[in-house]
Amino acid sequence: MQRMRQFELRIQQTYRSGVMPGFIHLYVGEEAVAAGVCAHLSREDYVTSTHRGHGHALAKGVPVKEAFAEIWGKPTGVNGGRGGSMHIYDPSCGFLGTNGIVAAGIPIASGAAMAASLRGDGHVAVSFFGDGAVNNCAFHEGINLAAALMLPVVFVCENNLYATETPFHRVTRNTNVASRAAAYGIPGIGIDGNDVLEVHRVAGEAIARARAGEGPTLIECATYRPLGHFEGDPGTGYRPKEEIAEWKLRDPIDRLALAAMQAGLVAEAELRDIERQVEREIEEAYEFARLSPEADAATVTDFVYA
Amino acid sequence: MQRMRQFELRIQQTYRSGVMPGFIHLYVGEEAVAAGVCAHLSREDYVTSTHRGHGHALAKGVPVKEAFAEIWGKPTGVNGGRGGSMHIYDPSCGFLGTNGIVAAGIPIASGAAMAASLRGDGHVAVSFFGDGAVNNCAFHEGINLAAALMLPVVFVCENNLYATETPFHRVTRNTNVASRAAAYGIPGIGIDGNDVLEVHRVAGEAIARARAGEGPTLIECATYRPLGHFEGDPGTGYRPKEEIAEWKLRDPIDRLALAAMQAGLVAEAELRDIERQVEREIEEAYEFARLSPEADAATVTDFVYA
Amino acid sequence: MPEERNIQYVEASVEALQEEMRRDSSIFYIGQGIGQRGGNFKQSKGLWEEFGDRRVRDMPISELGQVGMGVGAAMAGARPVVDIVFLDMIMEAMGQIVEQAATIHYTSNGKFKVPLVVRAAMGSARCTGPHHSRCFYSWFAHIPGLKVVLPSSAADVKGLMKTAIRDDGPVIFIEHKFFYNKKGPVPTGEYAIPFGVANVCRKGKDVTILAMSLMVWHALEAAERLQKEGISVEVIDPRTIVPFDEQTLLESVRKTGRLLIVDEAQQFCGFSAEAAAVVSSKAFDSLDAPVSRLGALHTPHPFNPVLEAAMLPSVDGIVAEVRRLVAS
Amino acid sequence: MPEERNIQYVEASVEALQEEMRRDSSIFYIGQGIGQRGGNFKQSKGLWEEFGDRRVRDMPISELGQVGMGVGAAMAGARPVVDIVFLDMIMEAMGQIVEQAATIHYTSNGKFKVPLVVRAAMGSARCTGPHHSRCFYSWFAHIPGLKVVLPSSAADVKGLMKTAIRDDGPVIFIEHKFFYNKKGPVPTGEYAIPFGVANVCRKGKDVTILAMSLMVWHALEAAERLQKEGISVEVIDPRTIVPFDEQTLLESVRKTGRLLIVDEAQQFCGFSAEAAAVVSSKAFDSLDAPVSRLGALHTPHPFNPVLEAAMLPSVDGIVAEVRRLVAS
């Protein structure tokens, strides 16, 4: 979580300095979901992600340097800078992509699970998506297919209450995402998405069920995006200040730190050490990306056809 | 129901004689649904239908002659023979079309309901669709939108257990369509679709709710298609003979006739009269269509752009 | 000359919507973020405040559902405007657009009309990348029943939007996201611009350039530079590609004998091919050189700015191609 | 000459699938009705019996979901074949095809491959009407990253299907439903037909006809009739429009000086425009007459047989157009 957090704050800083192209959506405040889920996955398992996918990418194992450089559009990025923030792919760790199209990753995850199930290799797929994806086509068809075929896949909804500026309750009469699992005849569980331990426990059970051939699960993680929808959106025009402030108190990193200290599992100094270590790592990634050469225009037509 | 039944048997006969182009899907055996629902609708209410839509068209008021001629592809058809069986449209009775695309009529019905609700004229829309539509995109988005906007629309699923030759239970883990209403926060009711009185009662309540501004309802009508999927499919290769035989015993017309006679509401002779009257009407429609001239090739480019 | 103000392209579009919505209460507007937020690009600013939730309504991320609702509402007597925001997302709704919106008037033998405007923004703007930059308007033009509008100026966006809303059939109205906050002169009074009338943006005699949307600006800039070299360029903006004003283009090419088509979309099977085919055939004897086409490279949109610039037609590229064409 | 048998077009397609599925266990096949039923057109007959539910699986009516699953499975090392049955229904899946399947190889900088075959049948066959007859293959050709196959004979369907399955990228494989039960000679042994190699179906010297899919048959019939009038027609079938074998076509036109393109799809912004544009430009000095195009009328498919016949290119129409072209 520290890695995701510091990574993104550094990305934010860099973006604000005006050197980064495109637009970016930060995952800050929602890290417990990616961390808690991906802790159960091996490099051979699959993940599909979203426009807000930096956290998923790091948690699944995309190298920090290459991720930083990718978001910066550098040729040293994991995809040569051709993808950027919303198009990060890494086959070496089963990362099937962040995605500019809302909900598109859902059936893709079902497909990866189908490939794994055909091979019978025990691997699973996890699809992360937002509340905005829930009313979309691809959610419906992707989950129903996985259920009908009993595929090893776990669907993880990051319900942060808004899709851009639109509150979830304005666009559906059923805001209980977990309850929608029933429509597909699979288990659905709603949890506190800012509690990494709860995420870890529930995701572990769902992933174990998937590996055992017992089919998909839908997990709804209640979480929040304290920042704007994208970098540049102050994020305040459409949400009550109190709501934002309240959710900031539930920051997943602070909560875990506090709990761990209270339980005597870790000392404050140790946490500082981790922080500083991550800081160095991120700084190296930043420098790596910054010092990367520019892309070579001659490569623009590479890889159109396989 | 008699009209629908005899109409389609005459269509079948005509088709088998080889003079009708295209392919047709017959509604025989499912008439109670269209009859029970449409009895509550005025000409100003809206209906969207399916590939198996002759019954819906007649029940909503498309003239029998023009419907017959349309299915035959004659220029005297309600759409000049340009549409045929799967593309019957009639604005004069709010019939927004049979449809060659499964589930496509669902959001269209929501849209018609939105237009009515904007005008505040108290009209409603009804969308008929099969079990095959339930796992499709358009079902999900169309119903969710109607629910979110509390539109005056009723969704009527004709669950005849199969989509072409594929049994419903093979393509979903939740075969209870009515239960899927919960996903959208609206009421869902499962009923015997071959009992026209039950259909009439439940549909009446749902339509009244819609008119009163209380939002959409999903009604699942359990029914069956004793014939093949389309004319030419014997319909037997993929279904147990007993299943077909059993459902034939539940024929909606026979059941209503029997019930009415047992209740002393009607005498057998009266029923025979109705049958013969309808027979004459259908025969006239057949003759009307048969004697229609051929289409004029010069009209082929009419009506491309409005 | 009528009076004019200098306003943003996006403001001009909002004016059109506002004036039409005031005029006709059957018009409503739906889309993601077009309600209280006023639109991702400010393309609905103030409309929700004026017309309220019933006529200006935020939608879930359900492009298919939105367009389907638009079709149904249009059939039931309303005049919906459906905003897809990023054109790329219209892929989710292609079935409703093609099989329903475009086809029902024909198939119903003219009995139903589908007065639906589908609005979206296309094109690349500062590395919007592969999922937010596509320009596949040729798809719609290939489908009978759809009109396709590509406004390139603030005045055009207003006048064409009015015509789109008043049209009795489905119209695909595609703005360029790069423009939205650019300013241009817009007449004060009421006006509408008819479909199918090309705009000769600049008169010239040596070469004709046909360009759409953002490419019109590039073409005009290139023409300015070429003028200094003594090459006189005529720039034509078709404004709508369906209906397509063949006549204006053919007349120009008969005069100049040379045609360059500049298209932000890929060339293969696109509008640039159609225009080239039409001119090559109908102005066969007037052409002094083969028709030339300059489109995006046949690749997805790369995110990296250097690659993106290499992929898209540029002013430099246009200048070079015109020089070559004139020399040939 | 290798040994041959006379088998149905659809049987040839099943053979290709069967042989490939035996060879490579990572291939699976999904679609509506392609399981126990053996396919709406018998296009999967016997495969379910041989390979079982795990590799040959019936799907719900979820085209988007099917293709999305195909993309994910292909990224995860499988080689899926996704059957859409009627091409028209692919509209529901355009987003997955274009934004995901076609784009991921490029955007991932070559790191992911998406070896996906999307199979569908197009075209009109006995009044299949507006929702079951469309031929919009040009859409796919317009999108970078997709290969587009239009086999016109039983032998080609087998050889091209094998190549499609072995291809490491997404392939849109479009058969014609009118053919499925027609018979043609198919070699006995193992063979594959490379993409991008046009088939000169008939040699001639006065006029070149470029035709795809069912139109190849029409063109050959027309050529036969024209021969009797002393007009010698060369008929070229590109077999794949992406990649497109420009060379074979250009050589032919340089010889004949005249080109007619026959296309079952509408002309506007379609492949016929592309081919006409390419030839008009690259064989500019060899053309004795403007390139001519004969496509479907710019209307949806009417159901009525008289109207439908009027809408589609016919053998008579081809004959007349060639006569006109030769006289000009």
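Think of it as A, B, C and D in the order they're written, each chain with its own count starting at 1.
One rule holds in what follows: a residue touches a chain if its C-beta (ideal position, glycine included) is under 8 Å from a C-beta of that chain, and two chains touch if they have at least 3 such contacts.
If you're wondering where the values come from, they're calculated on a predicted model, not measured in any experiment.
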Each chain counted as touching subunit C and subunit D at once: A, B
Relative to subunit A, chain with the most remote C-alpha centre: B
Gap in Å, rounded to a whole number, between the CA centres of subunit D and subunit A: 40
Rounded Å distance between subunit A and subunit C, as computed from the means of their C-alpha atoms: 36
Whole-Å separation of chain centres (CA-atom averages), subunit A against subunit B: 44
Shared interface positions of subunit C, touching two or more other chains: 59-60, 62, 64-65, 88-89, 92, 95, 99, 106-107, 130-131, 144-145, 298-300, 302-303
Residue list for subunit A, restricted to those that touch at least two other chains: 80, 82-83, 87, 100-101, 135-138, 140-141, 144-145, 148, 170-172, 304
Graph class of chain-chain contacts, one of line, ring, star, complete, other: complete
Residues of subunit B touching subunit D in the complex: 21-23, 73-75, 80-84, 86-87, 99-103, 132-133, 135-137, 163-166, 170-172, 237-238, 294-297, 299-301, 304
Contact set on subunit B toward subunit A in their complex: 135-141, 144-145, 147-148, 150, 170-174, 179-180, 182-186, 215
Contacting residues of subunit B [partner subunit C, same complex]: 46, 48, 78-80, 82-83, 87, 89-91, 94, 96-97, 99-101, 104, 106-116, 118-119, 125, 137-138, 140-142, 144-145, 148-149, 302-306
Parts of subunit D lying in touch with subunit A, wherever the complex brings them together: 26, 28, 54-55, 57, 59-60, 62, 64-78, 80, 95-96, 99-100, 104-115, 144-145, 147, 167-169, 243
Subunit D partner contacts - residues on subunit C that touch it in the complex: 64, 88-89, 91-92, 94-95, 98-99, 102-103, 106-107, 130-131, 134, 136, 138-139, 141-145, 242, 265-274, 276-277, 280-282, 284, 287, 289-293, 298-300, 302-303
